[in-house]
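Presented sequentially are two complexes of subunit A, the first with subunit B as partner and the second with subunit C.
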Partner chain A sequence: MGTIIIAIVIISGVGAFLATLLVFAERVITNYGDVEVDINKGDKKFTVRGGGSLLETLTNQKIFIPSACGGRGTCGYCKVKVLEGAGTLLPTEEPYMDAQERAEGIRLSCQIKVRNKIEIEIPGDLLTIREYSCTCEKIIDYTYDMKQFNLKLVEPTSITYTPGQYIQLLAPAYEGSPEEVYRAYSISSDPANKSGIELIVRRVPDGICTTYLFDHLKEDDTVRVNGPYGKFYLRDTNAPIIFIAGGSGIAPIKCILHHMKNTTIKRKAVFFFGVRTTKDLFLVEEMKQFEKELADFTFIPVVSQPEEGSDWHGATGRVTTVAEEFLKRMPTVSDCEGYLCGSPGMIDSAVKILADLGIPEDKHYYDKFS
Partner chain B sequence: MKKSPQQDKLEALLRSSKLSACGFLGEDKRSLWEIIDADATELERLGRTREDVAARMQELTDQAVPALGDWVKVGKMFQVCVDDNRGMIPCPWPHAVRCLKRITTIHHLKTGKTVRWSDLNIHLIKEHGFFEGKGAPFRIEPKDLVDSIFAS
Partner chain C sequence: MTFGGHMIHLVVILFASVFTENILLARFLGMCSFLSVSRQVKTAVGLGFAVVFVMTFTVALDWLAFQYILQPFHLEFFRFILFIIIIAAFVQFVEMVIERYSPALYQTLGIFLPLITVNCAILGASLFMVIRDYNLAEGIAFGLGSGIGWMLAIVAMAGIREKLTTARIPAGLQGPGITLIIAGLMALAFIGFTGVLSGR
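So, the complex of A and B:
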């Protein structure tokens, strides 16, 4: 009996010693001490405790790099240019880098560790991105799979963005989804209202974030977003404007139309808005109102497959085909700028049509989110 | 069969909702390898290979992509619709494959049966022989799939 007790004590003692050794090793060997992070050659410098990923380190400093997967190395969005201090490219980064990016020192910020002094370059506008705590003020059902979420800003209490930009919304852990994820959504609201933002979201079957928004988020709940992001905005020219959007792609266009009204922009504009059936149409009255309020704006809703027996008398067919037929008759179409928002397939199709119509590719603007 | 740490990690990822809201294994209590083995056996019984099946699925998807979300008639027997969502979803296996969040729905005009799959389903079947676990939102029963896509 005594021998057994002694053996148990010895085994426990050895186990405890090894555990202590592991904790000690973790603290000493992986202790990188204080590490300096230098952004854009001295524009911003700070010192942090080393050991975390660069993405996590920047986020802790309220510098938000776009990322959809929450740092798991699966989306490939969180690229930054590293001038010094990141070591060699990791196997987990390789698939996301082309030859030019490798040559330029582009890295996935979620994969590299901050172990020693690190110098990075990021677009200057990312330094102005902030995190916002909001309250979900109202949820509006537009169609069976489309909702609008009105978010009131709580902290900070106001936001400034360029109409057409998007934010990243944090879907927290919820029943059946134990981890946080970020997803990008365009802002649809009137930019004159700086105390809140509106998002128009279509449900993605089995999508982590849209399942949260559609099935779990309730009015008065707290929501966290960060932003604004994106290069989809109205260029400051006098060129006539072609908007082509499908489904929730109407969101940033609506925001731009508010901006055109607020700033009395008088440019000629035509908006082709595509849906599948008449049941998928929404915001039509609001668009008709813009037709009255803007100097030269035409709204053309397009239904590709109207229900049998429906009283639809508007444009019928694929939105890109209807747009092409309309634009072919426009004598100055090659002077236009094209603003596109929708599914990747719709954007690819619209880009081809605009190019065929003689609109140069550098006059096609879109955020594909892919 | 004893599993390697990598296999354990993969199975944990497939059971979690890290990549897809309800995970890839649903309520299926079998191990990943049991699921793959059972579906491979069923596919063999049906006289098809996973490459055949994936190629046919891809063919049907490709024919409906230009319709930008509308239903189109493919051949004499199918109505097909491809619904395109923004963003990408990565393959859970440890390699760099990301698929469009695109969902193909086929309706067989004669049998009235409807089957749907994602671009990721096509990849998972072709490369990994994985039809997902029972109860997962995108689980496809090999027999239902084969009966539908090869029906004449």
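So, the complex of A and C:
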């Protein structure tokens, strides 16, 4: 009996001592004091407690750098030009930097820490990115794993964005996910409506944010988003347009189609929309409506694996293969611009097909959902 | 034993743990990082130094804990738990200190520290130290030697694997297959030293 008590006391004592030591060390050693951050050579200056990552520090100051992976160093979006105070390039950043970026001092803001005075340069429009508090007005079920979330802006009450851009949505901590995370979703709504945004989201198995959206978020709940971000938008030319999207990749394209209707853009456009089975198809009626309302718009839904016995009469196969067959017969295909949105695999094969058809690579615009 | 005799004894322990009783190739401890982080000599050297450093210090700390906490209370059977928490706390602490005070060292050594917190070679060294009834000086010599031995093995492996990138390896043996075969051949070579020196 005595041994057991002594054993418990000794082991917990040593454990407690070491834990205290570490907590103490964290307070004292990783306390970098107040540190100054200087943006765009004096445009904006603030002082923060050092020790956090640059991305975190900027987010706390309501400056939102695009980031899709939530600071784990896997998406490579949160690049920032650091003029001074970040040390040398870390092994975790190397895979995302080419020679030119290295020379210019571009860094991944989620990997570098703010330990001393740091001077950075960011594009001016990032300073206009804002955080919005919204209420979830309505949740629409499209398919078994696809939902639309209609968010109404509360503070600020209106948003201006370029059709095709995306926002970041904050998933708060919930049961099973102890930390809050940001994830990027494209805006799918009519840009004429500035008082709200709609997002189309596919459920990712075990995804932190999609589990929150699908299982925890209810109508009338408050949601926080920030944005808008992204360079995926309709270029101002007269070239015919090829849209290729898979699954929830339809979202930014729907937004662009609304914009074309609102501003009576009469460009020729064809939209290949790929899904796996007929059960995954959605928004078909809305796209048919666009076919009637737009000057020259063709919607081609493509099902890769129609179920046995389904009455699917449309195009079958991979969306990129169907697009290739269709576009080959277009005489002026090399004048087109390609707008692609979907999984990295789909985009990579679509890019290859467009290049093979003679569309130069600077006319491919895409948004990879990863 | 005279002072000179002591010194020779320590040197024997050091060399024995580097060559004849190499913790990696004779005991097969610490295999996971040996197999996964041995693609480049540069990273292998970084990880090797981290192991040398951590092993030397944790053997000493664990010796003190064993001698002054566990033995007086007859709690020797708790050494597994106690050694592991001491190693984990020490590694975390060192990582924090390095990150704060030496960013250059953090880049070369610090980023490897989290990889070896639960390395079995590190715990193994402390447990051998108990089994063989080493005193503090012998323990430190043994920890240092085992660390150097581990580093020697992983750097040699990384050197071989760098050469292998240009070799034609049968498809079925690529990756882990050929690595394990090489580890086996290297172990055979090291077993050849057995009996030349004994640290016990």
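Worth a mention:
What we mean here is this: the second predicted complex is superposed on the first by the 289 of 370 C-alpha atoms of A that agree within 3 Å, B and C clash if a C-alpha of one lies under 4 Å from a C-alpha of the other, contacts with A are read in each partner's own complex, and residues count from 1 in each chain.
In this text, contacts are C-beta pairs under 8 Å (C-beta built on N, C-alpha and C of every residue); 3 or more make two chains touch, one makes a residue touch a chain.
Just so it is clear, the structure is predicted and the values come from calculations on it, not from any experiment.
By the document's definition of touching, of the two partners only subunit B reaches A:P178; subunit C does not.
Once the two complexes are laid over each other on the shared chain, residue contacts for A:A192 go to neither subunit B nor subunit C. Contact with subunit B, but none with subunit C, is seen for A:P95 once the two complexes are overlaid on the shared chain.
Once the two complexes are laid over each other on the shared chain, residue contacts for A:L18 go to subunit C alone; subunit B is not touched. In the superposition on chain A, A:R202 contacts subunit B only, with no contact to subunit C.
By the touch criterion stated above, A:I10 is placed in contact with subunit C alone, subunit B being left untouched. Put subunit B and subunit C next to each other and count what each touches on subunit A; the higher total goes to B. Of the two partner chains, neither subunit B nor subunit C is touched by A:L83. In the superposition on the C-alpha atoms of chain A, no part of subunit A is touched by subunit B in one complex and by subunit C in the other.
Interface residues of subunit C, counted against subunit A in their complex, comprise 65, 69-70, 73-75, 78, 81-82, 85-86, 89, 92-93, 96-97, 99-100, 103, 107, 111. The residues of subunit A lying in touch with subunit B in their complex are 68-69, 72, 74-76, 94-96, 176-179, 183-184, 202, 204-208, 211, 246, 274, 276, 304-305, 318-320, 343-346, 349, 368-370.
Taken in their complex, subunit A has these residues touching subunit C: 3, 6-7, 10-11, 14-15, 18-19, 21-22, 25-26, 29-30, 32, 87-88, 90-92, 115. Listing the residues of subunit B that touch subunit A in their complex gives 16-22, 65-71, 82, 84-88, 90, 95-96, 98, 100-103, 137-138.
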